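In the two assemblies presented below, subunit A is common to both, partnered first by subunit B and then by subunit C.
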Partner chain A sequence: MNLFVAAFGFGLVSMSVIAIAAVGFTMQFGITNMINLAYGEVMVSSAYVAYYLNKAGISVWIGMVAGALFGSVFSFLLNRFIYAPFMRRGTANLGMVIVSLAVSLMIANLLLPIVGYYPVSYQEDGGGLIRLGPIALTRDQFIVIGIAVVLMLAIHALLTYTRLGKAMRATAANATLARNCGIPTGRVIDGVWLITGALCGLAGVVAALNAGSFVIGNGAAFLITILAAAVLGGAGQPYGAMIGAVLIGLITEFSAAAWSPQYKEVVAFAVLVLVMVLRPQGLLAKRGALAAAG
Partner chain B sequence: MNTYYAANLLIYAGIDIIACLALNLQFGVTGIVNFSFIVFQSVGAYAAAVLSMPPDTANGGFQHYIGGYELPFPIPWIGGAIAGGLLAIPVGLVVLRKLRSDYQAIALLVLSVIANTVITNADKFLGGAAGIALVPAPLQDQITPNTETYQYFYIGITAVCVALAFLVVHRVVNSPYGRSLRAMREREIAAAAIGKNPVQLKMAIFIVGGMIAGLSGAILVGFINVWAPSVWLYPETIILFAAIIVGGRGNNIGAILGALLVPVGFEEVTRLLNSNGSLANFGPPGLLSALQWVAIGLLILGFLWFRPQGVRPEPRRVFEGGVE
Partner chain C sequence: MKTFHRASRMSLPLLAAIVLAGCGGSSSTGGGLGSGPLLVGIIAPFTGADAGLGPAYYAACLPAALSINNNGGVGGRQVSCQKFDTRGEPADAVPAANAMIASNSNLMAIVGCTSDEASSVVPIIDRAKIPMFCMTGQSEFNKTTLKYFHRLVPADVYDAYAMVGSALYGPGHSPYHKAALVFGNDIGSQAFVKPATDAFTKLGGTITINQAINLAPGTSYRTEVAAMLQSKPDVILTEALGAAGTYLKEVKSQNNGQMIPFLGTSATIDPVWFQQVRDAIGITDFLKYYQGVDLGYTFSGPAYSEFITNLNASVSQFADAPKYKQRGSTLHLYDGIIMSALAMVATNSADRTVYDPKIIDIGNGTSGAMVVNTYKDGVAALKSGKSIRFVGAGGENQFNQYNNSQSGYILVTYDKDGNEVKVGELTPEQTSTIINAGGA
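On to the complex of A and B.
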């Protein structure tokens, strides 16, 4: 029983990490209609930016901010110079999936000779255990949970109360109509890539911090967990991704406690398959993964 | 250039051609973005391996795998093809029925990553991360492997399989059935409206493509005699996609051309670079292979941008008796 209480604690941390990443991913998809398979690689690149800063003696928390900035600019440039030109040419959704997969492969392999094959970790001791009832987590893990909660509230505020957020929702619902109503959809989409890129970069550093050590190959594993959370919640739905993250975080940690931590991604995949069979549109979306009507 | 090297090149070319023909049937003609193609090739290889090998207690029991039936050639190859087809059924039922086409691609990509993880960690099932070694070469009790005769024999049976695969995809593509497939690829709703069942068409092609992929894996494992998770990581599928995109989507001749240009061409270039001592040690370790992947990515992006139809575009089929 104690094992499962501990697993619940780790689940809280996991879901925080997944939520930050999955909300960014799902917003990219929902608003720009782009399934960015290079998302995991951008996360890992940002984690390496923080790693090199950390190695130079800078605190990992400042590295996290730098990682977020890097992810933001990197994602923006990816869209500006690769995705957007292809989309303007009228490349179909399927073509864009292939493009983003090719980009993901290129990022990983450009990074490989620079950072090497060996796993690296941050110089950060975790800050000692803090007990909160039966749950014992390190100070850093509590900070991660805090960051996630603040970010989720910020995303909620952005989408609900700001002009930019409302413009984003309008663009997601119908980009042509939004443009005709005078919303500068081009700039809105630039904003989306900057914001979601920052979430992506920050998630990369947080995930690397939480995992203890990381390698380039982690990009694919990150991506699978994120996809599972985003599809479970209903692709393109930021609130769905939050719910998806909570469920996937708990399910993977409980399965790790009950079975084996080696199979976390496999369990996430099993959830993904179940959702695709039973409810392809996800928990919140009306259409989501279902075939388009016309 | 000795016989062994030439034989090696021809056999790899044959295997890549078979794989590209199958992927072209699925991706180029039917529009299924099968990002887990390599899994189907791999299941054929594993099936052929365990069908032809003795039980795992042989050879001092240094490796663990299920089965081990010591069946004579060509049963393992047929078994490999069947295994590819059988795997396509459950995967197709989950992926191809309800999902939007870009989700299908993602689901298949994730499947490819996960299948590799599972096989790597399940070390009693198919040898785990170490894989399976000492897979018998076909008919090795009749003809001694590593002889010139055997090389010619293997080129021969590979060529027969290439011809067989080409015949199958050629007949499918140039038939009324192929027309239905292209109609569905271009506009699924319209094809459904005139009475074509998209799910049925996709399932059929997924299974046929899976069988051809399984066969290509069986040929490969019979030649290299080992199989392990590290040879079927998901980027391997992307090389085949690059081949189809370069060669020309929907064109069988284009698929063959792509197979010769991309997988075979890249292997050769890397081999030549590696054989040159000064270049092989250039930069940090793994630089050459990493740059090879970057080049594959650039090739895909470049072709999709400058020549999306490929070197040999799909022929425009015009009905000659049509109205003015």
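On to the complex of A and C.
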């Protein structure tokens, strides 16, 4: 029994990591209509930015901020100089997916000779165990959970209470109508790339910290879990992605406790397939934060 | 716009399904050595969970090619090395092997073929009649009849027995009686589980838990480690390449900063593995709690000196090459390539069907054969009409009728700089006891 309680605690950490990444990904898609398969590579690039800072003696937490800034700027530039020109020329959705896949491969292969194929780790000891009954997590893991909670609340506040958030929702619902109503959709979309890019960068550092060590190839692995959470929750729905993250995070840890660890991803994705069969639009497709206001 | 938007949203699950689903020549004939460049193919994982393996084999080929090329080539033909990435997956390995063979008629030898892909690529290479030197320990090759297959390392079963010996009889600790098995869920790692379990339990030990862990990058092992610690083992027996750092760091974290001893297979004698685990748990705990097993290399002598000279000279092509100076597989595959080249010179033929059988003669030596340690000396001896036995950087070879060359194990650890240090060896009696218990 204790193992399952412990697994619940570990699940909280996993779902926090997934939630930060998945919410950024699904917002990017929901508002800009862009399925960005380079998201995982931006994550891992940001993780390397934090790694090199950390290697130079800078705290990993400052590195995390730097990673978020890097992810933000990198994503913004990717959109401005690669994705947006293709979109302006009317490239179809599937074409844009292929473009993002190409970008993903380019980033990974450009980085490989720079960062090498050796796994690297942050110089961070985790801060010692903190026990809450049978749940024992490190200080860093509690911080990761805290960061995720704060970010999810901030995203909720952004989308619900701010002019930018409302403009994002309007752009997501109908960009043409939003533009005709005076909303500067171009700037809104720039803002979306900056914000979701920051989430992406921060998620990369958090995921790398969580995994203990990372390599350039982690980008693809990150993306699969993020896609799963985003699809499970309802494509383009930030709250759905949060729920998807909770489900995937907890299911993987519980299945590792109950069965052989090698099946934990199998179980998580079996649940994903089951949900897709029963509810193809995802859990929150009709009532998401990005649905039209009012 | 709305319709467009909706359509694209519907496409995301479809795309996710696609992405998830995705996760998953002839030689010269006749007499003479021919002309034109020769190629050694390295078919191994260069990406994926076992991406650390391929570079070790590439680091074998580069110095071998230099050693050959600096001494006149193979009858004047220069040797080069080319990587063929299997990603450690049979599904990717088969097309990689087919493409390698179809697009290169000048392959003189192929090296690599780890346990990840050997079952699928070895028959393909054998059908193409290309001599190969494989780093697989799978038991299916213990009595193989494939003529072009060569193995310079013992089967995994003996690696597993050596680990059990280290646990029961190793120096610096009282015998461990409760072991946790933590192996990757790949084919190569799982090959150790049954022989280790059989031998350890029949000698009175208990396997507290057997974990086949997912080696996918970015995986965390918190629940797995909690379960392992709950089973209260004395020692962890492990080969989980790519995941070891993450797993062991979690062990230290959940165990209040205390490590428990961990014993690795010979594949853990690897600079990538060393760096990963050292960075994860710190060098002090690494040196205190780790022991491994390896084949009994001397890391000295003229063959090794020649290897080191050429390995260091390979940095222009592969900056990390010198890191593999004590990697057993690097030494053996270097020897395999040199033996192939010497076999070509000995038979004066680039016909692989002609020089392939000669490789065994050169490795084992025939009666009255002159022992040589370098390609240069081998060519000189052959040109003077002598038969030769090549004893290379990895030591003597003793091929049996199944083209398997066997040798004994030693117990090792690392020093702080990542160099292998011998800490002991198993007596013949201990070895015999373990092998009998394991039933090999």
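Basically, the second predicted complex is superposed on the first by the 272 of 294 C-alpha atoms of A that agree within 3 Å, B and C clash if a C-alpha of one lies under 4 Å from a C-alpha of the other, contacts with A are read in each partner's own complex, and residues count from 1 in each chain.
We take it that contacts are C-beta pairs under 8 Å (C-beta built on N, C-alpha and C of every residue); 3 or more make two chains touch, one makes a residue touch a chain.
None of these values were measured; they are calculated from a predicted model.
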Touching partner for A:215 - first (subunit B), second (subunit C), both, neither: second
Subunit B versus subunit C as contact partner of A:10, first or second or both or neither: second
Touching partner for A:194 - first (subunit B), second (subunit C), both, neither: neither
First (subunit B), second (subunit C), both or neither touched by A:69: neither
First (subunit B), second (subunit C), both or neither touched by A:128: second
Per-residue touch tally on subunit A - higher for subunit B or for subunit C: C
First (subunit B), second (subunit C), both or neither touched by A:257: second
Which of subunit B and subunit C A:277 touches, first, second, both or neither: first
Partner chain in contact with A:106 - subunit B first, subunit C second, else both or neither: first
Which of subunit B and subunit C A:94 touches, first, second, both or neither: both
Contact residues of subunit A, present in both the subunit B and the subunit C interface: 35, 37, 93-94, 97, 116-117, 220-221, 224, 227, 231, 235, 262, 265, 269, 276, 280
Subunit A-facing residues of subunit C, complex: 1-2, 4-5, 7-13, 15-17, 19-20, 23, 46-48, 51-52, 55, 185, 211-214, 216-224, 226-227, 230, 242, 245-246, 249-250, 253-254, 256-257, 272, 275-276, 279-280, 320
Subunit B - residues contacting subunit A, complex: 31, 33, 35, 94-95, 98-103, 105-107, 109-111, 113-114, 117-118, 121, 188-189, 234-235, 238, 241, 245, 283-284, 286-287, 290-291, 293-294, 296-298, 300-301, 304-305, 308
Residues of subunit A defined as touching subunit C within the complex: 2-3, 6-7, 10, 13-14, 29-30, 33, 35, 37, 93-94, 97, 116-121, 126, 128-129, 136, 138, 172-177, 207, 210-215, 217-218, 220-225, 227-228, 230-231, 235-236, 253, 256-257, 260-262, 264-265, 269, 276, 280-282, 285
Residues of subunit A that touch subunit B when the two form their complex: 35, 37, 82, 85-86, 89, 91, 93-99, 101-103, 105-106, 108-110, 112-113, 116-117, 220-221, 224, 227, 231, 235, 262-263, 265-266, 269, 272-273, 276-277, 280, 289-294
